[in-house]
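A short write-up of the structure that comes next.
Chain naming follows the written order as A, B, C and D, and within any one chain the residues start at number 1.
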């Protein structure tokens, strides 16, 4: 029974394709998987948008949307209908073809990332040897669509937004890759399935997730920073910083094309959270051994949605950085730290089992973090201040 | 298989031609990306996953972006009013045909790694990322290091050039 | 024809693309931020010339909200302008009322009963809290904090606006003060309500500080940005929290001691780094000082009338002469300059709006900064377009 | 330092998030069409004309003195005086407004008309849901639309209305006493010199404006 619940989607898929002739079955299975992804993640996107609007509202001591349906749960539907019925405006001087292609390209590319994510036991669409590389290769292509959108709009805000976005995404791709590299180093594989399998072990009922190691924890934080920047979320949402650039690279988009950008952004966030889950949070494995009976896909989606909540939480709290600070942060702080983390991971490996490696690795990381943070703040003349009063 | 190959090849060639022939420089850069993507697909079609993804990651994710960045920063994105063809097209033609000749010669005279056209490609050994890593760190470690050194020096050089400009600006 | 004239009046090199860099190499990117830009607090335009994202030139363009207030005021009698003053700085109508009432009282030599003065102080300080809280909220909003601090500020503002409505009948367009006192008296229940709201305010300020004060991103964004040197601030006539953030101890509440400010104990926080962070912090600290003033005022408020028995509502004709009434409005020195020719209307009516005058240093603060900082610096000036354009 | 402030901020938003579910004080939103705030005594929106008695036209307190028209800062009041006189609610002969229009799209709810009115005839309404599809004609209220009963006034501003009523009653008593005195004087005069009995009638309306200015003074101080 438990086994069945765990594999319900796989079994369902097999049952469905069993109606087809044998030679069609593999292709049909893949198509079915694609279909499932294309249906599931926009649905999750709708839920996330609702969660974001309600959650932000609650953080700001207001209700959030609560008019469409009970507790406002049909708000995403209303939003969807609105964006579908809105006029699609293309600026006269815009480059029509590129303007049209940009959102389409973004959404296609973003969905491709899901192909390699293991969303549950035996629930990977394509088990690829170089799955991680595929994911990053696909992720890198989104920059192109951002550029296309910004450039083709022929709007200064759009162009500035696109330039910012592309610069930011390129800069943060390096720490993103390097922080994931620690995992590859420890697992010895680029295959996401194998990475999850390596974490799906338990000692005293506790999982072997990589986040529960010093280097894994540091790597996770760095990865989180890099993903936030990569998906243009607050506090790194400069490309669409509405107070400066109106809406950044999609200023000149309206109607459904705008909705596609919106979808692309959120689906991209989810896919990159899914990767983070896979790499650091044990993918579909249960957080405690005794919870192993819960279907694996529940854990995966639960963890992804949790990371989305953290994204929302950060958005509700933090102001955004400035472009040069963002770059400095990437190249002078995050990148060196990822390199140090890489070395720490290597040290961990060579120190062998024992408590010493915990102490040494944590000490190195904390020391480096403190030193770099302090010096960075001193260099920028940043720090808390006290004030004098005139009587 | 051949249909797939021709489709991909057609895509790449079309992209490359467009990159040369289009008027708007940004369009050219985007067409170049299509050509890159075609190449990546060719690699993938040959079961060279690593090379294919690396092609996408590096060429589409970085090089293409670099190209568009350069175009934007140098105001090249404006469509030229007069023709796009250089007056020295003859020289270009000669160079291009020379390069083509060399490449053709190299391709024709190299030995086939795979069985001949009549043999099925299933005989190709599955090259994993691990194998590539081992090869790079073992047999090809010297070339790798030389390339790394070259890139590092290029990076430092770029930084120095940028810094110099900044100092003179102040 | 007027359009043609305007065209010839455009400054040299302006509005004529492409604008070249000062060294002649390459050209600048011109961006018109506003009047429909999300962060211009209404209809305001900044013509910004950018080198990359660095500001080379910035020209504030305002007047989109010009309502001819000063000229209208010269055409109607003294009382008739009072409701219009609400609409100057619509975030703090009561201080506008106060400044105008003060000017007319000076012109006519009208005395104000003590209770009315206390009420004015209470309302003025409540207004200051409202203004400072929301201006900080707007500032952080412009930094992209998706409105959380703004919402917290607005939650408190709502409570204070409820108090205003209970007393004056309107939340924003209060039209409460009269020449020689206040329109209606505050009931003891109202004063209790103020005490209750005041009791909750320090907690709000704590929350606000928790959320913002130590935030590294905020510090990185605001420290060392938009420096306004004290000399420039003085020369440009900048007043209010802006001036005090530039380290100059000038608070009209202390200098003039108008109202009954001499009776209250409060301190004036001063900035030492002259940047956006200082302006933000000065506002936060001034808010806390206001709590103290309110406490004292609520404790000591005497009984008695709120209108002077000799005060006239309408139909009075001040002797020929002039008067300048100024107060420390939340945004700076708000002054009303009146000339009377003995008629029922002012002969000349002129406002010294702190928003406009503080705005004059915008370009000096912005030059060389990133375009993202322009928004921030602009937010730290804390303007309301109703007052800038009048 | 080093992210501590960010964590503190995150803690603050988390506290507000949870707090908005558990404490009503944090979630102060009033969901307008369904929920409404309790009426506030001092609230003012747009002016209306008070009438006494049952018939609005006969009971209007307004005597078309046009002070409000003159004082209105945005000049949104338009009054046409009657040429004849009609008895008001008290049965006194008064000039009345033939037209009394307020363009509430121009009105800025400043209450100055209320303050300057010597007859307590114009007061502020609390009705604010006045939207109409006809933005010109629909927002130009004539005296019929503006007329509201004194009972209605009591229902929206109970404390203020009570004061006004007391004030009016006092004024009426004074006026009655005066009129009585005048009548007595006139009667005495008439007794003394029966030839000049006529001027007693016009003396009463003349007394009203005099009382009115006094009342205006009282209003200012109160």
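Assume contacts are C-beta pairs under 8 Å (C-beta built on N, C-alpha and C of every residue); 3 or more make two chains touch, one makes a residue touch a chain.
These numbers were taken from a predicted model, which means no experiment stands behind them.
Comparing chain pairs A-D and A-B by the number of C-beta pairs in contact, the larger count belongs to A-B. Centre-to-centre, using mean CA coordinates, chain B is 60 Å away from chain C. Chain B and chain D have Cα centroids separated by 82 Å. Chain centres here are Cα averages; for chain A and chain B they lie 29 Å apart. In chain D, the residues that reach two or more other chains under the touch definition are 1-3, 6, 9, 12-13, 16, 26, 28.
Among the residues of chain C, those in touch with two or more other chains are 148, 152, 155, 211, 213-219. For chain A, residues that reach two or more other chains under the stated contact definition are 59-62, 316-318, 377, 383-384. Two chains count as a pair here when they touch; such pairs are A-B, A-C, A-D, C-D.
The touching residues of chain A, counted against chain C in their complex, run 56, 59-62, 156-157, 160, 234-235, 237-238, 241-244, 246, 315-325, 377, 380-385, 387-391.
Against chain D, the residues of chain C that register as touching in their complex are 76-77, 79-84, 86, 148, 152, 155, 158-159, 162, 165-170, 173, 175, 178, 183-184, 207, 210-219, 305, 307, 309, 311-314.
The part of chain A that touches chain D in the complex is made up of residues 55, 58-63, 66, 313-314, 316-318, 369-370, 373-374, 377, 383-384. Against chain C, in their complex, chain D makes its touches with residues 1-6, 8-9, 11-13, 16, 26, 28, 40-44, 71, 73, 108-112, 115-116, 124, 216, 219-221. Those residues of chain D that touch chain A in the shared complex are 1-3, 6, 9-10, 12-14, 16-17, 19-21, 26-29, 31.
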